[in-house]
Amino acid sequence: MSGLTHFDKKGAAHMVDVGGKDVTEREATATTSIRMAPGTLQLIQDGDAKKGDVLGVARLAGIMAAKKTADLIPLCHPLALSNVTVEFIIHEADNRIEVQATCKLKGRTGVEMEALTAASIAALTIYDMCKAVDRGMTIVETKLLKKTGGKSGTYEAS
Amino acid sequence: MSGLTHFDKKGAAHMVDVGGKDVTEREATATTSIRMAPGTLQLIQDGDAKKGDVLGVARLAGIMAAKKTADLIPLCHPLALSNVTVEFIIHEADNRIEVQATCKLKGRTGVEMEALTAASIAALTIYDMCKAVDRGMTIVETKLLKKTGGKSGTYEAS
Amino acid sequence: MSGLTHFDKKGAAHMVDVGGKDVTEREATATTSIRMAPGTLQLIQDGDAKKGDVLGVARLAGIMAAKKTADLIPLCHPLALSNVTVEFIIHEADNRIEVQATCKLKGRTGVEMEALTAASIAALTIYDMCKAVDRGMTIVETKLLKKTGGKSGTYEAS
Amino acid sequence: MSGLTHFDKKGAAHMVDVGGKDVTEREATATTSIRMAPGTLQLIQDGDAKKGDVLGVARLAGIMAAKKTADLIPLCHPLALSNVTVEFIIHEADNRIEVQATCKLKGRTGVEMEALTAASIAALTIYDMCKAVDRGMTIVETKLLKKTGGKSGTYEAS
Amino acid sequence: MSGLTHFDKKGAAHMVDVGGKDVTEREATATTSIRMAPGTLQLIQDGDAKKGDVLGVARLAGIMAAKKTADLIPLCHPLALSNVTVEFIIHEADNRIEVQATCKLKGRTGVEMEALTAASIAALTIYDMCKAVDRGMTIVETKLLKKTGGKSGTYEAS
Amino acid sequence: MSGLTHFDKKGAAHMVDVGGKDVTEREATATTSIRMAPGTLQLIQDGDAKKGDVLGVARLAGIMAAKKTADLIPLCHPLALSNVTVEFIIHEADNRIEVQATCKLKGRTGVEMEALTAASIAALTIYDMCKAVDRGMTIVETKLLKKTGGKSGTYEAS
């Protein structure tokens, strides 16, 4: 036995049985950042509903991706998310847009993967929308910031 | 006009018209890495079809995600990929698993987003399978390594 | 702040937090109609399982579309619908087939969008099946007929 | 035989064989309109990336829905769309937002259903975003405006 | 090397590169059968558009499933099917409904999996529709009947 | 009325209303088998994470398919499965691999179709991975082994 919950005693992958877990309020926030050329960041900041709203498109892509997590991550449970938000924080000092995605659920399993998926797809969408002017953009530091609820309780990134 | 091809002159998002582009052989390779605690890397390396094959599951998740790219990235074209591969390179020195995803197509538009999506979802799947033992795993440095084909020709990350 | 619940204070789209709402029985019925040439209506009415059952196909398409609503409408919550029905009412006087779709749920948010999506896709399927003989078919008057349950209570179209 | 191409001689539904059709440039434009209370239209017109961009969300929903058409309309062929655009025209005189969706393809079958689906889902998304303030909004006059290409040639709504 | 084309030399699963294969007309027919109690078969045979058309629903489910094959079978290529048909043959002698599904494509890879998936999901849908009266129904003998086209040429089940 | 619960009194297909059913623990196990040439079975048995793990890929495909059941079987309810496992039993005597899939749910409707779909897609994936060496593989005897929970109680295949 490996300590990895997604495998049974014989090493076969399975969807963990969460039927015996309590229904609790669960919440998770993930973060990622995409670094780019200064001119690319400027283009995005100039954008709005009139000139082309890169972050509006990326936010929607992230929210919709959260709903597809169980389709993408093979052993994730299908979940009825009660809330998804995606926020952007612009760090001009190092030409970086940070994405913070938060998901909530009243259910039997956590929503960390939903938050991480939302943040990742939002960042990939920024890449897609700007790749014609900056193919060198790099997505850095995708990680779980915080999660609450469930048997394992609260986790916060150090 | 912003220089961003995914917006028209009025700033409205649209799926770029690729009908006039040539059908050429296109290929893209993306890379990402997931850093973890040394014990987590050890668990994964010990795994195999008998004990639990984390990388086998992650590889499949990446390949299947490449096929869903147009569902995830709002302005991507639906594509008939001719080839998808996902490879893992273990960097023991810094407790990191690198994911390299390569996609190919004979078509009218590039496959960079497919390769980036495959690599990202494979890394997220590693996170999912190991999160019970290591919630601090971090996905770093997701970027395009190389692409060939199409009007803009070859790009290689510096 | 705009009064539109799908935006936060800064104008960013988000999936509304329904975690605090009560689980109640919710139901919604939507209607739409498709108008066509008299001969097209005749063709459909002549059809049955032997000659080609246009409405049987459209009904199924509507039911299946209700289940995809959260995939289609960006800020809709994923829901575990308990019931979906799609009915057709033929109005010979004005060569029109009315579609009525009803969805039910025990849950934290309403099912208006599910009913509207089911009705719309059923009507579009009728269009698809008959377009070879009548490209001028027009879908008219898609609207919510009635909804019950939830904090806002009962609504009925006037 | 009924004249309906989606049924075979015995009345069984089938996906029409398009293997023998020519690959031609095909294009279709569909229109729909959503009528609402004057105050609702005002709210939408006031919106932008800062206050809540209803039409930006609806446009994206329409574009993404075009790519899902073969999933929604049972007998549609899966298509590699080369271009999708969704435009909004505000008719203040009758408190109505018109949606025009255009799809293009180099392929063996037309894209009318893709354009109609994009327009319909964009209109339904406007409904979803504004339903908290105006449940009586009505989607009117969904139809094909124009299509070109293919054996049946050009069609224009009268 | 194992002889299994879906693995590379190191045993890693991959989507086979079909970019170098010729575009040819490809066709495949699969068969399956579902055996049931005599009374269940009678119920289905009595059905039509008036009483409940089990086979009409199953046929549509099979056609739609063919379009989802690349989503279901991990290493299948996404394909633009040109034709899908699903037929039923009733064998009263042994209380069995046979499903025959045929798929066609002009493309670089075969459509065996699409035909097998269509037949299987059609049979499972018959099970679903009748399980309330006959849980013992059994799906037997799912196999490829015939395929043509491609480098490996024609195959016919013996 | 036909005795088939998926049709209403007029013979129209509908998704059965389960809103009034109790939330109980429900579980179902389905079985199927794929028969093959002795050499094909040997190839699969030789495989592991190093040489190509056919059963590992098939297991994952089955688990992921269980989550897509409501997308595939037209009148199935969308369900929040709490557990999915897929096991393989090798019967060397008749060159057959048996697939057993088990699904669990705390909910208002049974999970028989989820278990049957998981088993079927796992078997089809084995076919896909080995078809280059053995096109004659046949899937036999797909059926429900056992189900518990719900008003109709326990069922076991005789």
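All chains are identified by letter, namely A, B, C, D, E and F, in their written order; residue positions are counted from 1 within each chain.
What we mean here is this: a contact is a pair of C-beta atoms (placed from the backbone, for glycine too) under 8 Å apart; a residue touches a chain by one contact, two chains touch by 3 or more.
Quick caveat: nothing in here was measured; it's all calculated off a predicted structure.
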Shared interface partners, meaning chains that touch subunit C and subunit E: D, F
Number of steps on the shortest touching-chain route linking subunit D and subunit F: 2
Copies subunit F and subunit A - interface residue numbers shared by over half, same or different: different
Reference interface A-D: repeating pair among B-E, A-F or C-E with over half of contacts shared: C-E
Turn needed to bring subunit B onto subunit F - CA fit, degrees, nearest 5: 180
Where subunit C and subunit F are represented by their mean Cα positions, the distance between them in whole Å: 31
CA centroid of subunit C to CA centroid of subunit D, Å: 15
For subunit C, residues that touch 2 or more chains besides their own: 12-13, 47-50, 53, 56-57, 60, 64, 68, 71, 74-75, 78-80
Chain-chain contacts as defined at top: A-B, A-C, A-D, A-F, B-D, B-E, B-F, C-D, C-E, C-F, D-E, E-F
Residues on subunit E engaged by subunit B in the complex (per definition of touch): 8, 12-19, 70-71, 74-75, 77-80, 107-108
Contacting residues of subunit D [partner subunit A, same complex]: 47-50, 53, 55-57, 60, 64
Parts of subunit B lying in touch with subunit A, wherever the complex brings them together: 2-7, 10-13, 32, 43, 46-54, 57, 60-61, 64-65, 68, 71-76, 112-113, 116-117, 120-121, 123-125, 127-133, 135-144, 147, 155, 157-158
Footprint of subunit A on subunit F - complex, ascending: 25, 56, 59-60, 63-64, 66-68, 78-87, 104-106
